[in-house]
Amino acid sequence: MTKGRLEAFSDGVIAVAITLLVLNIMVPPPRAPGTLAHKLLAQWPSYAAYGTSFVTIGIIWTNHHVMISRLRQPDRAILLLNLALLLWIGVLPFATNVLATYLKQGQGEHLAAAVYSGSFLLMALTFATLNHHILFTKTHLLVTPIAEQRRRQILAFSVAGVAPYAAATALAVVSPYVTLAICAGIAVFYATPLGSGGSEPSS
Amino acid sequence: MTKGRLEAFSDGVIAVAITLLVLNIMVPPPRAPGTLAHKLLAQWPSYAAYGTSFVTIGIIWTNHHVMISRLRQPDRAILLLNLALLLWIGVLPFATNVLATYLKQGQGEHLAAAVYSGSFLLMALTFATLNHHILFTKTHLLVTPIAEQRRRQILAFSVAGVAPYAAATALAVVSPYVTLAICAGIAVFYATPLGSGGSEPSS
Amino acid sequence: MTKGRLEAFSDGVIAVAITLLVLNIMVPPPRAPGTLAHKLLAQWPSYAAYGTSFVTIGIIWTNHHVMISRLRQPDRAILLLNLALLLWIGVLPFATNVLATYLKQGQGEHLAAAVYSGSFLLMALTFATLNHHILFTKTHLLVTPIAEQRRRQILAFSVAGVAPYAAATALAVVSPYVTLAICAGIAVFYATPLGSGGSEPSS
Amino acid sequence: MTKGRLEAFSDGVIAVAITLLVLNIMVPPPRAPGTLAHKLLAQWPSYAAYGTSFVTIGIIWTNHHVMISRLRQPDRAILLLNLALLLWIGVLPFATNVLATYLKQGQGEHLAAAVYSGSFLLMALTFATLNHHILFTKTHLLVTPIAEQRRRQILAFSVAGVAPYAAATALAVVSPYVTLAICAGIAVFYATPLGSGGSEPSS
């Protein structure tokens, strides 16, 4: 198994998942009451969830690329952890849809928000696990040796992404809007130079 | 982050988005009144919107390739602007569906047309911004230096694409058919040699 | 524009279109009358249309690869003809769905069959046009010069694929089953060594 | 036809098929009775079928890569067998949906389970056939010669995957849950080092 084909397959799954997100934005039925403007505005949760998920998946793709670029060649354990990561990414169109559908229902919105950020949490946990496996267990598969301090730094950065998702999931009990806002905030943070700690792709 | 993987991911998202457009063309329900011929003809807005969006995305793909080919290596800002561009391309199946659904409804059709051309407008604006960033801010990342006059010419060509989409969006107030016609005209124009100004891929 | 990225984008669109075909096979609603076995058997037109379209797109992909492999580099006209080819391939999930939905309706089934084979006809016509353009107009873009006789032979083979689709479309007036059978027959024929005339990929 | 493009196309189809699986997990309609928690839990068959199909397709992708990596160049027969393999993989989102929809219906669930594992069975049979064709009929197309004993060993491993799917399909008469459990077990088995017999991608 060459690294190239692992990247190609991962790119494919991530590209399809990010593009399928749009299927969650429904065209308002013409027969429903109200003007189109009203109906389009009323489904703003769909747009917020779409944007947040799109940027999050885009950043995961970037970080995935940086993580794999350190690897000379994958082994079976890496393939399986990568498959688990793709499985959680593949779930995101569903989780996004759950949030968009229930955010304003006045029923189930807390659980829907927990499903949403919980999916990101599982994705972030799997990402950190895979990163740990590459950096600390399979060091002989690295392209070039990396000093232990630097490896700890990179891993700490990966693990740091887990905490806010855990917080967002816990806070779904309080307010689903807070959960969505934290998830959006994480996406914005990782998009800034500040949030590129262990993974600056180039200078 | 190598250029190759940026291209592969962008190609993937664009290929999925362009192919998802077909999901907007509904098979007429057999139980609805009228012959199949009548029902298929009645949904001509779906075909017009499909064709226009398909050709537009195809041309954006071509121009995206030419733009990225000038780049030696992407940096984080370029990755993020590219992600924003992909986000707007990803929205197009939804925007296409809105227009196709409402064009003949006699209700909401003006707004639907504005959503349609407005999505192209945002895509064109992001494209021009990304092109400006590559050509004028990150000149050290270019494969080969480009004379400033030539860079201005290329950018002017990118920016020129923005105006007709702005006009099409504004004219949605007058007639959604005019908006669709302008969008289709832009696609046809850019498909001709005349419309290949700054971006002739080869001779 | 390098040949590699043209191939990658075409592969992406074709891979998505071929995989979207499955969305046309509906899961029978549990509440509809009859056993699941009966309901699954009743929708055999979906399976026949799925198989025929899948194999046809797979063969077009093979032949597309052989056609492009002769090319050193695409130019704008080739890009646009290729985009037109992808547009017709992108329509196939819709055309397949029309046939599967109407074949047994006792209403509209003739037109549905004509839409189905007509889409293949347009695809085959565009393929032959693109092949003609590459082989006779843009000979300077070929990887290696090809003797005129051989080029005529290759083109004849491409054009030969058009006639049976025209026949299948015309015969939709007589029977949609005949149309489907011809389309399936063409797919089988091109899958055999006999049907690989101008385009044997290797020995 | 180069090996590279065969891999790229196969990767594309498999990546799209694995990601389309998520479309089978429905967002529970807000108006249906019961809490969201109850409704989400009630559709656990969707999650079980999603996870099982996702891991199975992921493993088939890995094994497909190993199989093709032994090949110097594909010929027409290999292309066609590969297309047949992709056809069965393309069917899996439908088969997964059938099982998820009917597992708890108290009607049609036995047949639904047989459709599910039967699709895996056809996929495994086609995989073994393709592997046999590469290893025993087209030995001149191998990258490096492989000792006959080793080839038998690899093929035996491929064929061994067929039996449990046949058993799972037969046992659908007894219980659809047993069928699902066997399919999930096969996925888990092949994911372990134990199940990587003939196809360890690296050490």
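Each chain carries a letter (A, B, C and D) given by its place in the written order, and its residues are counted from 1.
Note that a contact is a pair of C-beta atoms (placed from the backbone, for glycine too) under 8 Å apart; a residue touches a chain by one contact, two chains touch by 3 or more.
Computed from a predicted model, the values in this text were never measured in an experiment.
Residue numbering shows that subunit A and subunit D use the same positions for less than half of their mutual interface.
Superposing the C-alpha atoms of subunit A onto subunit B requires a rotation of 90 degrees, rounded to the nearest 5.
Centre-to-centre, using mean CA coordinates, subunit C is 26 Å away from subunit D. Here the spacing of subunit A and subunit C, counted between their Cα centres, is 37 Å. Within subunit D, contacts with two or more other chains are made by residues 8, 12, 15-16, 20, 23. Looking at the complex, you find that subunit D touches subunit A at residues 7-8, 11-12, 14-16, 18-23, 25, 27, 30, 35-37, 40, 50-51, 54-55, 58-59, 61-62, 65-66, 69, 191, 193, 196, 200-203.
Interface residues of subunit B, counted against subunit A in their complex, comprise 1-2, 5, 8-9, 12-13, 15-17, 20, 23, 73-76, 79-80, 83, 86-87, 90-91, 93-94, 97-98, 101-102, 105, 107-108, 111-112, 115.
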